[in-house]
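We call the chains A, B, C, D, E and F, going by the order they appear; numbering starts again at 1 in every chain.
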Amino acid sequence: MPTSLAVEYKDASPEVRAVFDDIKQTRKVDDVNNFWKYLARDPATLKRTWESVKQIMAPGALDPLTKEMIYLAVSVTNGCAYCTASHTAAARKAGMSEAMFGEVMAVTGMANETNRLANGYRVPVDAAFAR
Amino acid sequence: MPTSLAVEYKDASPEVRAVFDDIKQTRKVDDVNNFWKYLARDPATLKRTWESVKQIMAPGALDPLTKEMIYLAVSVTNGCAYCTASHTAAARKAGMSEAMFGEVMAVTGMANETNRLANGYRVPVDAAFAR
Amino acid sequence: MPTSLAVEYKDASPEVRAVFDDIKQTRKVDDVNNFWKYLARDPATLKRTWESVKQIMAPGALDPLTKEMIYLAVSVTNGCAYCTASHTAAARKAGMSEAMFGEVMAVTGMANETNRLANGYRVPVDAAFAR
Amino acid sequence: MPTSLAVEYKDASPEVRAVFDDIKQTRKVDDVNNFWKYLARDPATLKRTWESVKQIMAPGALDPLTKEMIYLAVSVTNGCAYCTASHTAAARKAGMSEAMFGEVMAVTGMANETNRLANGYRVPVDAAFAR
Amino acid sequence: MPTSLAVEYKDASPEVRAVFDDIKQTRKVDDVNNFWKYLARDPATLKRTWESVKQIMAPGALDPLTKEMIYLAVSVTNGCAYCTASHTAAARKAGMSEAMFGEVMAVTGMANETNRLANGYRVPVDAAFAR
Amino acid sequence: MPTSLAVEYKDASPEVRAVFDDIKQTRKVDDVNNFWKYLARDPATLKRTWESVKQIMAPGALDPLTKEMIYLAVSVTNGCAYCTASHTAAARKAGMSEAMFGEVMAVTGMANETNRLANGYRVPVDAAFAR
């Protein structure tokens, strides 16, 4: 096991540096987050994950802010502390106001509650929703 | 245990009917979904849940479509089949296109993946995200 | 893969029959549930699981009804359809009334909601709760 | 983003103070927990959540201790560190002994195990449990 | 919403057909599973997901059977019925015996149990595991 | 609540000491991990859990390394920080290389993603997988 588990740019292989450079350029940031530095321990996973994230989070039918709020809602549901912190920051950067944050949390909380009420009451799917 | 677990309008108490009426009027629908008919077995839970959902899902800093897509992302993450079916229908009714659906799924899937990569690599929260 | 995945008493080995007999005697039932018939494909897991369940669910500092309601709350939270069905039945057999069922669901739903609000707002543990 | 994320009583709006006062009076405590101070960033969520918790956790068909133990079992299942800490404290205050705590944990652990065994062995619901 | 939600080869675009062809060739099968036919509604997600799965599940430091058993353990933990069915089949095809299946389930069940015991007892990480 | 929540060997009852001794002898270690010291607050749970873990993790149809990697994948999926730390250490001790670790994480992440894609696209189980 390496002494340090984060791969810093100065110690990175050309393959890893190329991914770091693309992240920095795409996101217009000076350094990459810890997430990428840790993934860099496995360059294939780093590259594949970044390329998937880059493709998925690009503007499309949904704008970047909406995507970040969905990412945050999932991370909060799963209880991932790192992801909750990083995607709260990313959503704010993309324009999430304090009021929007409050509503994302309210919807996320309520969905988690009614998911269990539906499970517990064993509610059958309405014919209208079947497909 | 009652023979039928769903409470139909014709068999409902005045308290339950009042909630059903409010749901139908608010959502402009002819009948309520199975979810509400099953919750009606416990009128206090029916009333509280509906009032919370009504408040949370009303237009605010976020529009109803965005809220429904977040609700869907959480339901899919939790594997709630009923909620996935009902909120897919609700999101489509609120304007979710096929392309938007694809992007909600893509973001939800990726968030679930990177949540575990962050857990497994035990990535420490960046100082910049601490607060 | 065997044609039938459930092991019926008449086809069971003496080792499996001994566990089935103990389940039937302990629970005063004529046949064991599907859960045990499926686990019987792996006799070591069948025996270990039954002995653990028997020990844990016996009356102790908590009565059997309380234990069954906790089991149900966890099963609903995890979205296990089989376990929700079987432990709803078990809790009713142990004395859970319709009103109690409603309250178990209400607490389970609310806990799932506030768990996410605590995650999303990243609430630090109060000094008083630290230990 | 505000410098401090917890809303203290002295800085709170009248609307938030009214909720804090009701929590303190209902629970007979001198100050509210961090959970409520953080939720206070969104007064509508604070008020709705408190009113729901107050209604659900009041004595009913189940006593407060049973409700707190169910809350704890769900929080442990979801891995919510804040909620596990706060509801362990609440359950102890409501009368949970060390032996009861041990049994809540044992049932919670076993339910999480058998939920997955039922999933993995794909056990079909017994006809007797169907409804 | 399209009448049929699965995209069959005969109705597929050249882009989707290319992915289907690669799946069939890589896995030496006559047709692709429902999973791929449903994902084909979003060709970008179909292509990205297949390429990721193909890369990840190829023999590497771990053999394909080990990878399939890990995939199965995760799917069972999450309660994904589709994935449990498909990865049980895939693991058997890769060589998982009945005895191996029983052990995968036993480990998965026990991990889910001790994960909650560690949460509930709030066990601090041993200094030796810190890194 | 006891001042210290970990039970050290010198303070342990003969029943607890017997379990600690068996753990140390089986694993050839000088002291037991915090997990066991905390469980020792409930000697029945300590004994039952250790005996189950000892039986399940022994070499069988699967070797200890494979079992530890499955344990790790489940712990990462559930977001159990303690278990992720302890089973990463256990897997390394059993022979998990850095490359193997990367592949366990990659499979775990991808399974968590496709579990949700299958949920969200509501993919019906293929007839071939039904049993």
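Here is the rule we use: a residue touches a chain if its C-beta (ideal position, glycine included) is under 8 Å from a C-beta of that chain, and two chains touch if they have at least 3 such contacts.
Note that the structure is a prediction, hence the values are computed from the model and not measured.
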{"item": "Neighbouring chains shared between subunit C and subunit F, ordered by label", "value": "A, B, D, E"}
{"item": "Counterpart interface for D-E, drawn from B-D, C-F or A-C and sharing over half of its contact pairs", "value": "A-C"}
{"item": "Interface numbering overlap (same over half, different under half) for subunit B and subunit E", "value": "different"}
{"item": "Greatest separation from subunit E - chain, by CA centre", "value": "D"}
{"item": "Rotation, 0 to 180 degrees and nearest 5, that superposes subunit A on copy subunit D via CA atoms", "value": "120"}
{"item": "Maximum centroid distance from subunit A, chain identifier (CA atoms)", "value": "C"}
{"item": "Whole-Å separation of chain centres (CA-atom averages), subunit A against subunit B", "value": "21"}
{"item": "CA centroid of subunit A to CA centroid of subunit F, Å", "value": "27"}
{"item": "Overlap residues in subunit D, where contacts from two or more other chains coincide", "value": "1, 5, 41, 44-45, 49, 52, 56, 77-81, 85, 88, 99, 102, 104-106, 108-110, 112-115, 117, 119, 121-122"}
{"item": "Topology of the chain contact graph, where touching chains are joined (line, ring, star, complete, other)", "value": "complete"}
{"item": "Residues of subunit B touching subunit A in the complex", "value": "5, 33-35, 38-39, 41, 45, 49, 52-53, 56-57, 60-62, 66-67, 69-71, 73-75, 77-78, 80-83, 85-89, 97, 99-100, 102-104, 106-108, 110-115, 117-119, 121-126, 128-130"}
{"item": "Touching residues (chain side subunit A, partner subunit D) in the complex", "value": "79, 92, 98-99, 101-102, 105-106, 109"}
{"item": "Residue ranges of subunit C touching subunit E (in the complex, touch as defined)", "value": "1-2, 41-42, 44-45, 49, 78-80"}
{"item": "Interfacial residue positions of subunit F with respect to subunit C in the complex", "value": "1, 5, 44, 48, 52, 55-56, 131"}
{"item": "Touch list for subunit E against partner subunit D, complex", "value": "72, 76-77, 79, 81, 84-85, 88, 104-105, 108-110, 112-117, 119-122"}
